[in-house]
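Take a look at these structures.
Both of the next two complexes hold subunit A, though its partner changes from subunit B to subunit C.
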Partner chain A sequence: MTVEDLRERVDGYPTRRINGYRVRAGRPFPYGAHPVPGGITFSVYSDRATSMSLVLFERGAKRPVAELPFPPEFRVGSVYAMTVFGLDVENLEYGFRAEGPFDPAAGDRFDAAKVLSDPYARLVSGRDVWGAEPDWDDVYPYRARIPDDDFDWGDDTPPGIPTEDLVIYETHVRGFTRHPSSGVSAPGTYAGLREKIPYLRRLGVNCVELLPVFEFDELDNPRTDPRTGDRLYNYWGYNTVSFFAPKAGYAATGRFGMQADEFKSLVKELHRAGIEVVLDVVFNHTAEGNEQGPTISFRGLDNATYYMLTPRGEYYNFSGTGNTVNCNHPVVRDFVLSCLRYWVAEYHVDGFRFDLAAILDRAPDGTPLPNPPLLEQLAHDPVLRHTKLIAEAWDAAGLYQVGHFPNYGRWSEWNGKFRDAVRRFVKGDAGLVGELATRMAGSPDLYQGRTSSASVNFVTAHDGFTLNDLVSYNDKHNEANGEGGADGADDNHSWNCGEEGPSADPHVRALRMRQMKNMLLILLTSQGVPMLLAGDEVGRTQLGNNNTYCQDNELSWFDWGLAEGPTANTELLEFTRALIAFRRAHPVLRSAGHPTGSDRVGSGLPDISWHGVRAGAPDWSSHCRVLALMRCGRHAKDGTEPDENVYLAVNAHWEAHDLELPRLPAGEVWHLFADTSQAAAHPLGAEPALEHPGRYHLGPHSAVILVGRSAGPR
Partner chain B sequence: MSFDVRLRVDERTAVIDLSGELDAATAPRFHETIDAAATAGAIELVIHARQLSYLSSAGLRSLVFARQKMGDDVRIAVVGAPEPVARTIRLAGFDHSIHLVDA
Partner chain C sequence: MTVKLTSRMEGAACVVALEGEVNSTTSGGLQAQLLPFIGQEGRVLIDLSGVSYISSAGLRTLLIVHRRAQQVRARVTLVGLSEEVRFVMSATGFLDFFEVTDDLDDALERAGG
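Take a look at the complex of A and B:
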């Protein structure tokens, strides 16, 4: 701060002193704490507070160094704003103290005994090192700080990958490299993940979706593992404390308050590798829970604004976690929008996946809205114009909107029906040929009038069985979660292939390997956006636990011994890589428009044709377990890109079938890319021609990919 | 340990010796020194950091400030940073802006 700087602005000087601090009225926007010449402007909204104070701490100190009441004339509308001069920003933590009525029936839960965290805090300390025991008596556990928000982005630009070309890889920042086998310099951190980018590149994915990275408290789980007595955590992090702050405990440099820099470096490096970043965001509820929960921020600032309340002032619980954010209240809409814009503009994030997104279209009284203003606003926001928006289109109170989530032509959805149909078909359930066909074609029944990128296809996600467990367990085994095995979903559509849990039986093991490959093959050749769960490519197991939200241990962590070295599951990893490479090489699988079953480009072939054991004769009957389809390469990307013809067949039957193959244009023959009953796929472009040009013998529980091209050398 | 910064320019190489704690309070002095080095037309900047006992977030971004002030053509080397300091630089990703060189 130099004298010249002061001369440049007529408002760069204090107008009065409060408790020894030089201050002046601040500008109400933006909310939060922002540097201005000579000082910091603090701005906070509360409609119902009767008075507000700014509480200042020196970094880590037990007691505040000062409390500065906002004078009445520093209030504009319901916004309190004050500039404080001469602060040592690096050593400063701040919060607010709001006085007001405690009248739950009227929605008010003010508590002047609490120091409240700033909802707009961009940096939060208090849980700087993952799992470190805090001072439980701290009067201010989650402390707002002011970040240095400059960062050397260089010429970073978002990869801008069309949504239908994405291959999403869902992972957990800590779990990805926390395992001792990861070999990174800072296991379990943003920096650790950054070191594994070469692995992601080799795998071929072009988008990582990170489980929540907004500041949360991993220690807010009171349970212990009943068998070991070990502490259980809130490992997944679906319990946001602070929406603008990256999780400090995920940063190797969190103890120095440099989590923002470390996270930005991760995004920058991923972008450089051609990989986009989607954040899993949790706007449906907060870490404050219900009436019994802690008062951290929102409850003490304006309970009735931020939460959906019953007419008697109780918390609606559409999230299953105690409270529900009042997303369509104008003030909260503004909060959500500001937050998302911030992550896009400041952190260069490419997209968001909204947890329990159906809650985002509920009115303040919980009624689903036909035209929810928040969703419309997000869809049309200028800053978010090219940001991927993905909805988990259901909530915990029975609102299920897969296929009809209000989308404004922008939103994609986690397609839970794809997951269920693929699982059930592959395990051998009858009567699913028709539905599988629809799912593989991009679910046009659900997404008519939208592009196929509306459907995020997945077989597994963090919530539920891993792929390996899906073929190894009939039932969930959640005893370690401390809830008597009652938690987690029961409708897993899993099949253990003959033996519950790990098996030494070579037949069981071979069948499991095939079943995993079958599901990966369907996932990665279906129209829509495939999403893989990290570790499924190497057969990661959670020992049958389908709800590891609390397990910060080997159950959840990615075991790198499965990916590299003598214990690696090379067969599955290489097969997955091959499938991703195949998808990348064949744009016919990635068209935006849904196939119609007709010839739209004059190729002489329909864009998609359906087959069964006999070519051209799909068997939609309830006893059938074979589906085959052919994609015409000339229709790739709706006829704008060249490609070859592709034939896919899936046999979920326990017997082999001799398939009659559809005829190709003159001069072309079928070549074998991959058969899930064989160990490896063939190299792209060097696939061998079939011995018998018109037939393929497909083994039990197997799937095949053929490519139609000229008979000679390519 | 109190902060100290010294600059010398040999030919086209600017050499800065840092000691003590580089944080928000002391960063402005470091910035002034970098300004002086840039004005001197150096094509290489060598920052001796062996005597640096502490580098805060604001101190770290001083190194990025150096990168931006000197321009992309100037090689910036931080020499002999104590391992905790070097590790922080690497983990936060700042090693893309500067070269970390062992003593």
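Take a look at the complex of A and C:
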């Protein structure tokens, strides 16, 4: 016998019939629905149910074609498992019906009138085409299906880029190519994003972070735009319906149920382009909401297991969305771990960014745990061993853990303090020189004992102003969101440069351009992991809306007219490209260890030195708005890679300053790479030497990058 | 719904024309019918111009046929993909695996050459 003709199995036969279907007892693991010889094994957990049925539908049918009660002897512990033979997988939708007590005070909310979606469903139909009007009376709106899982990956391997070398690009699958200007064959889809990979390569980023792609319902937002009456959506998708299923409405082939293949094809092509994929995942709450929310899956299977409940059986609401997933319950830990392993093993994704991650270290009663078992488990899991783990280290109930999120040497954090310090410094706030210095050095105050990759640095993200709006609006303008402008953050640290909104004034426009460049320059030369918001490189605007979670329109979509053609914002785009290229060419900016201010390699220069208007004399006083620093190239990658010396200076003052430059080793002179008051950066390696070797005139609201190298040609 | 298969020799090439829908109901039988053509002398052209829809299972059947052909160093070319079939194959990455020609005459000419 060869492997090619596998022996028939003795358990490949049914043992009985239920309602006309041939069945036998199934294996409890894995959970969910999986093909086995001759049939499909369905396995579902419920601790408190008194009985369970498998509900079968033909694809799209209003009524079930059959219901198969699990016989008591098909139950192992609290797991119901049954193999059903002779099913047409492609034409099948399945769910469960659980009977049990409805006793909210005791935590039980069973409802046998509902068909429940499988928490482990790997394919879900019901919202197959984005925004398409569904049958609101459907007895089973989010229908579990079984995907083909034999995608041909070829020899795909994850790029395996060290975290500190990443340049992350945060984007939205639909928003990236939905705009009519995108020119792709399937706008707003995984396939559309795949067609834009050449743009990402030219930009120079090596990691895309995708806003949620787990199945959600874009139609679960009841609001309308008060000005136009247009429907508002759940556009961002932070409201998961099904954690193992890729969003069908993001697939051009979703109506054929081929979203899994389409998403895998995207990941495979990104990897081929040397770009990693990080998924924004939302484990803090589910789409079931509070007591008034829909019963989709968890609530009807085992409410008290999956959700944090008060002693009276009400939902804790640490997420601000109605419920809180009970992440440190052993069963739920298993669920989260299985889910993440699945996305890594099956979809080859390279990392995760955890929305409101502070919730993941709360105990079932909501208390923050000093050693949360879920986080420890994720940090040490064999499958996730090389996966990037990034925490949004706060939650909606006041737990703020930036700098002290339980990390086990593995977790990185969105560094909200970097964002605030850069914004405030660049807009001209006083008293921030010291903090900016700390942030640019990788925030060693927050991440002592960890590497600089602990800090994911960003100035803008999906949540808040875009970079263009940060320099164009003093206040948020969220009227279109239908909440009277009350939603969205108020502490934006933004400055409109003299006029609220779009401006024709050339001085205002020039200042805004410089301010955007200043922030990009700081972001891309700071130690830590930079993250860019998609579209900031071309000055994308949301017209002052800083909370576009519900806006599926031009407000949110990437306007490709800003990236190419006669209306392109070429100056900003080329400047951003140059800064990314500079970062990638200079490992001295990407060391894992924090700089110490001492000479650790015998170069004669400290790894980092601080300067002000006078070399070697930084001014930390509260009225100062100038910071300069020098990085010694011999310390690059903690002394393991060759590099040049780099000098950075930022002037947030409204007046120009003549800066005295630090001395270089004999034979080296300073060369100008980029000055944000000039239109373009100089080509890497062909930077001109400064006219005056020891001084640089830095204009108001400007920043500069110099490179120290031998005077002759390189 | 069925899928109908007819075959004919055109010079050194064997043209296998399919008609109907290739889905989970029809793909199993289709695979059994297609595999005998693989490994014969010459080249196999699968003419899909009569196919309105290929499902996930159908695409997998075609890819299995293609993989079998590769194992015996035979060549399979897909011809006459409708716009929709081509779109689905492109979006899901399946198109990358196959040799595809728009026009049967072109394919035959190349097979002859």
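Operating definition for what follows: the second predicted complex is superposed on the first by the 707 of 714 C-alpha atoms of A that agree within 3 Å, B and C clash if a C-alpha of one lies under 4 Å from a C-alpha of the other, contacts with A are read in each partner's own complex, and residues count from 1 in each chain.
The rule is simple: a contact is a pair of C-beta atoms (placed from the backbone, for glycine too) under 8 Å apart; a residue touches a chain by one contact, two chains touch by 3 or more.
Remember, it's a predicted structure, so these values are computed and weren't measured experimentally.
Student: With the two structures overlaid on subunit A, would subunit B and subunit C clash, or do they fit side by side?
Tutor: On the shared subunit A, the partners clash.
Student: What is the contact status of A:G257 with respect to subunit B (first) and subunit C (second): first, second, both, or neither?
Tutor: both
Student: Check whether A:D658 is in contact with subunit B, with subunit C, with both or with neither, and answer first, second, both or neither.
Tutor: So A:D658 meets neither subunit B nor subunit C here.
Student: Could you say whether A:E500 touches subunit B, subunit C, both of them, or neither, answering first, second, both or neither?
Tutor: In the superposition, A:E500 touches no partner, neither subunit B nor subunit C.
Student: Which of the two partners, first being subunit B and second being subunit C, lies in contact with A:D47: first, second, both, or neither?
Tutor: neither
Student: Can you list the residues of subunit A that meet both subunit B and subunit C?
Tutor: Subunit A residues touching both partners: 88-90, 148, 150-152, 185-186, 189, 191, 251-253, 256-258, 261-262, 264-265, 268-269.
Student: In the complex formed with subunit A, which residues of subunit B make contact?
Tutor: Checking each residue of subunit B against subunit A gives 23-25, 56-58, 60-61, 64, 67-68, 87-88, 90-94, 96-97.
Student: Taking the touch rule as given, give the residues of subunit A at its contact with subunit C in the complex, in rising order.
Tutor: Per the touch definition, subunit A meets subunit C at residues 88-91, 147-148, 150-152, 185-186, 189-191, 251-253, 256-258, 261-262, 264-265, 268-269.
Student: Quick check on the complex: what are the subunit A residues that touch subunit B?
Tutor: Against subunit B, subunit A makes touches at 88-90, 148, 150-152, 154, 185-186, 189, 191, 194, 251-253, 256-258, 261-262, 264-266, 268-269.
Student: Under the definition above, what is the set of subunit C residues touching subunit A in their complex?
Tutor: 23-25, 55-57, 60, 63, 87-88, 90-94, 97
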